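Both complexes below contain chain A, partnered by chain B and then by chain C.
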Partner chain A sequence: MATATTATPELKLERVNTPPAQTWNYLRANDITLTVPSESRKGDVYFALPRLFEGIECGMGPDVTAWIESQAADAQYVEVRAGERRIEPIIATMDTGVMVRTGAEATIVVCADAQATSRTSAALVRVIAEKGARVRVLEFVATGDDQQHLESVGITADEGARVEVRQYFLGAHTTAAGLSCALNGADARFDLTCRYLGTDDQRLDINHVVRMRGRNGRSDLRESGVLDGRARKTLRATIDLVHGSSGSEGAELENVLVLSDDVVNKTMPVILCDEDDVAGNHGATIGSVGPEQIQYLADRGLSQEEAEALYVRALFDEALICAPTAAVRAAVLARAQTVLGTEVAGDLVDALQLDTEDRA
Partner chain B sequence: MSDQLLRVSGLCAGTEDKPILHDVSLSVGAGQTHVLMGPNGAGKSTLGHVIMGDPAYQVTSGTIEFDGADVTDDSADKRSLAGIFLSYQAPVEVPGVPLYSYLRTITQKRPELKMTARKFRDRVGQIADQLDMGSSFLTRELNVGFSGGEKKKIEMLQLLLLRPKLAILDETDSGLDVDALSVVSRGIEAYRQACDGALLVITHNTRILERLSVDRTHVMVQGKLVAEGPASLIDDIDAHGFEQFEHAKGGDAQ
Partner chain C sequence: MSERTQNRTQVADVDRSLYDFTYSEEGYERYDDGLTPDIVRAISKKKDEPEWMLAMRLAALDTYHAKEMAPNWGPSIAGLDMDHISTYVSPKTKQAKSWDDVPDDIKTTFERLGIPEAERESLAGVGAQYDSEIVYHNMREEVARDGVIYTTIEDALHDPQWEPVVHEYFGTLIPPADHKFAALHYAVWSGGSFVYVPAGVKVDYPLQSYFRLNAEGAGQFEHTLIIVEKGADLHFIEGCSAPKYYEANLHAGAVELFVKDGARLRYSTIENWSKNMYNLNTKRARVGADAQMEWVSGSFGSHVSYLYPTTILQGDRSNCEFTGITFAGATQDLDTGCKVILNGADTTATVDTKSISKDGGCNTFRSSIVVGRRAANARASVSCQSLMLDDISRSDTIPAMDVRNATANVGHEATIGRISDDTVLYLMSRGCSEAEARTMVVGGFANPVSKELPLEYAVEMNNLIKLEMEGAIG
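Our next item is the complex of A and B:
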């Protein structure tokens, strides 16, 4: 498939990646509309995920789920047996379902790298974490400057399950990412760290949804990023404290470092609450790199510009540190080289002697 | 006196609505060790930050000279590159920045310290061993989630890495357990040996001074330097407290 293929039919995904409650319409921050390729798969035998996965709410919504399912080759189904501690990470394909059975542990990696062939890439990941399971989902969007990437994740957590998600959105032309996690069982826990970079004319559209249904749940969402140039970012973060979630606590905090006046930075934090005995709080700090941090860095010899550059570099370094496989590190490194230049990009890899052996 | 490394003359400074330091004069010669003591809220940390160039404080009169140049109007990053280092009483947490990335960046800025990534890693590893720090800290966020004592060690790590001409240690010893205290004391000694650096030690605790040979002691009360004397002044304070100086406020005790 060549980049300039004109024959590829297209589809408009209208108003996707929506939050549960669409308030503040005037901000025009409720959704995104994307044009994606839509090739018919007529005649192909297609392996779909078990039925159980159909009911999982995914962050970007049902239209995106349907589109990805229609475009993906076979779905990948992985089951981690009860009590198994799976060390080897599960590498997500375009359409992946992971069943983490009772007490099991697993790491799921979603990595989008620069592609020569297609302008649009996508990943759909659905995860069921059974009782007491521990799941880590690591997402890396390290696509090229002219790419558009869609990533939709849906997770359900049963009693006592712990879900940790780390997202690194390292700058594509368009990144649209939605994640929904439902804490269905009591005492379940969800921790999300999302780090993003937007420069030039890049567009980031992020939708985070936590449904707290079980009692005594905990969820903690931390988003932070750097925006420069004419980048446009919209973050919707919703913590839904559903009736019955008594004793639950949800918190969300976003830190944004805005480096240019032309940046468009929108954040819609929402707490929905249908339960008395719960606590939810949101805090959005714009320009988190407060005077204290800048002063500390200045005291050690960094000018304001150098301090800002450090924050950008740090994003990539952190992604490299967190990357669990050589292939992911290679993808992050390639992106870092484009953004930071070869010397700075390769520095941490050299120092820590990280393996970034490229895929052939 | 051009042989002075640091020369603070008639310094008055404070925040926008509150004067804190009044007519402070103090000089530290190259390689010397000075101690600054005084009751809580006297203005010791403020003096450290003003010497470092923190724009939160305004200098209303007086000058700060360092290494032969007037730095009163220089930005903090310039002063840092010139060789002033301030170890924070409460080191600032910098979320989103791994310690490695930070240390590497502040080191690479100094031409005399430039080295390959591998060599740098080894160098940091040596210093970390010297400070009894373990090895996983490099990939953690700068000062985030570290204990009070660990943060102080991270400050010491930077001191040993950067080898400044003057180190202002603002209560680097407070909150340290016995073992950490001796590790840090050894670190200070190592710094002195490595580059014959000068010290201005702000402390409430004489333990940290046991291993140091102190050249001069200064006492600050309510934003004024009220006494200056030899090392023996420390024992005097230890025995009698600051009350004696509070009476003599503004006067010269020695």
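Our next item is the complex of A and C:
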């Protein structure tokens, strides 16, 4: 995980994470403005990705793509050959392009931890999944409370390709993440699981876009999270059923647990439909732990606070189970120690029988 | 061609012969096209308004010129050129209390639309606006005896008892700076209704206002102000139509509804403007404690619509129900939906909308649910279902939710799809033709909305749907 060096003057990136269809501006849900170090010239002279990657739509928008490219000292290009089942995960750097050739399989890991020396970190990942490819993208944001992290992902999937993305946004002062996946080929599939936690004064801004262009595509977006303290979260999730995507189906579901009256939770689940022979569904539930659930748990000896803490712990549990490398596990555990305390984090290690060297 | 393509329903355009008839404007008073302070002053002078109203109009005109339309959302209104819109057109007649006193051409218009018949059969009162002015206004005597006021805003402004009330409420719920076309409305408003229902009075039959825009290249800017006092109950119906022209027409009305503690207001609208109409209407209700606001909205006409009735649930335990249907056909881009702001504790909101797109029509359902910090135990649910009848139409759903209370519970669900082949096959296996089967499915789809409408409107809506669905099956 590369980080940008602090530089002055700073730059304002406006209209970041803008969804394809917007709504009333007074709701302040259409985009986010970020202050980042000014553009550098590092990206000009070193290795850049093949031009093919320039056409990929990334979730945070072209301005963020340009900014990250300018900050990255180098770009990493990885090609997984046709038919290859790559076991070793590809660890994304600040600017990474992955070409997964026909029938190949690959796992890509993006991890932002608290080790960064500057206040702003960023990652730009672009993936091309060719015909029948299998791609798994695992994203973990577990930075410090004073850090800002930008993560922009763009994926294209050809005929019969399968893309699975798991995102764990576990904390940063500001997390801005955008993901765009274009199902260009017929029978392509995209599955997204996004779990997030917002506490204290944290700000979380997420933009998910699925462009369903090929026939008989499938997309399934599942987002869920816990918000506490004075956390502010905005989630935009767009399923775009483009003309010609006949036979496609897209579904999106978000569940939000709100634990504090000071939380600001904004959700914008959008379906755009330019084709009749398709199905698009979305749903959202936003609320607290219900009185019946609290009572049920109380009957079993759990207070409301303990019950709510279980939700947070479960989030870290899942992130640890999915963490593919020791470095990622260490980053998640370090964040768990900050959020849940050392004792609970230790419990997690024991319960999951993790290698002790994972202990942060 | 695939089997699915072959099975698509090819539907005819709406039969609008009921609405597509016009009468000459000869002898009408028509102000110059465009927007100038002189035109605004002329409208105000003609109405002999209080000074405060003229000042409000002129300030709103400045606001209109200063404001821009949001560039990042909504259908295009590039075809609307205010330099070619007359903001005031008045037939040469005075407001009548008997249909016999209404000029023949105008009376014939409303008779063809069934207004006098509806008044006789099932209404407590009727107002009829023709272009910029109300031409007929009447209310049953027994309703008037209960202290219900149903008149025009202009008449209320000239009544010493009601002028202070209008002054107190007018423009407070929808401020002129709300958006560009709200500002335009306040600059040139004309006509509309003022309704006051005293505390505890239940009006047994609905009141109805019908708005007809006959003039070509003109705008209609009526203002509706309704105050339902504590514990009172009212059903208000609004209907609108216009003949088709090849020039743009504009409707930029405003509806301000004040529903006091324990009161109930149902506001039903069937909008059937012609397809050269830009419908940029603003409606808003403020609801007191234990009060109830119900919206029933059917949008069938207009070229472009921006329409989002807004409910502010200010009082504790207040409630809002919104039921709507939008039918977008060829050349139509209808951006409709609603907004609910839950500020009071234990407030509830239910939104249930349907949309049907066909013949290249564009439907956008846009909503916002905002739960404020004080709205403990607020509950809101939004359901949006969209039906696509062909592959050249478009249907988008763009909801937004902003929740700031931990005890609130907000749910949202939306589906977009076509008529299932299995369903059609099932109905055909029981003796229906394919056309009948598809009409039946669309009718069933719209039924939750039509059953909320007054009978004559439900019949009209069902006929519209039936007409839409008639035609060849390709």
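We adopt the following convention: the second predicted complex is superposed on the first by the 328 of 360 C-alpha atoms of A that agree within 3 Å, B and C clash if a C-alpha of one lies under 4 Å from a C-alpha of the other, contacts with A are read in each partner's own complex, and residues count from 1 in each chain.
Note that in this section a residue touches a chain if its C-beta (ideal position, glycine included) is under 8 Å from a C-beta of that chain, and two chains touch if they have at least 3 such contacts.
The model shown is predicted, which means the values in this text are computed figures rather than measured ones.
In the superposition on chain A, A:N30 contacts chain C only, with no contact to chain B. In the superposed model, A:S260 lies in contact with chain C only, and not with chain B. When the shared chain is aligned, chain B comes close enough to touch A:A298, but chain C does not.
Of the two partner chains, neither chain B nor chain C is touched by A:G83. When the two structures are aligned on the shared chain, A:P62 is found in touch with neither chain B nor chain C. In the superposed model, C is the one of chain B and chain C that contacts more residues of chain A.
Contact with chain B, but none with chain C, is seen for A:R313 once the two complexes are overlaid on the shared chain. Of the two partner chains, neither chain B nor chain C is touched by A:G341.
Touching of chain A by both chain B and chain C, each in its own complex, is seen for residues 288.
By the touch criterion given at the top, residues 52-56, 75-77, 80-81, 85-86, 88, 91-92, 94-98, 100-102, 104-106, 109-110, 116-118, 120-121, 138-139, 158, 162 of chain B touch chain A in their complex. Taken in their complex, chain A has these residues touching chain B: 195, 224, 255, 288, 291-293, 295-303, 306, 310-311, 313-315, 317-318, 321, 346-348, 350-353. By the touch criterion stated above, chain C contacts chain A in their complex at residues 4, 8, 70, 72-73, 366, 368, 370, 373, 386, 388-391, 393-418. Chain contact summary for the complex, chain A toward chain C: residues 21-25, 27, 29-30, 241, 243, 246, 256, 258-288, 290.
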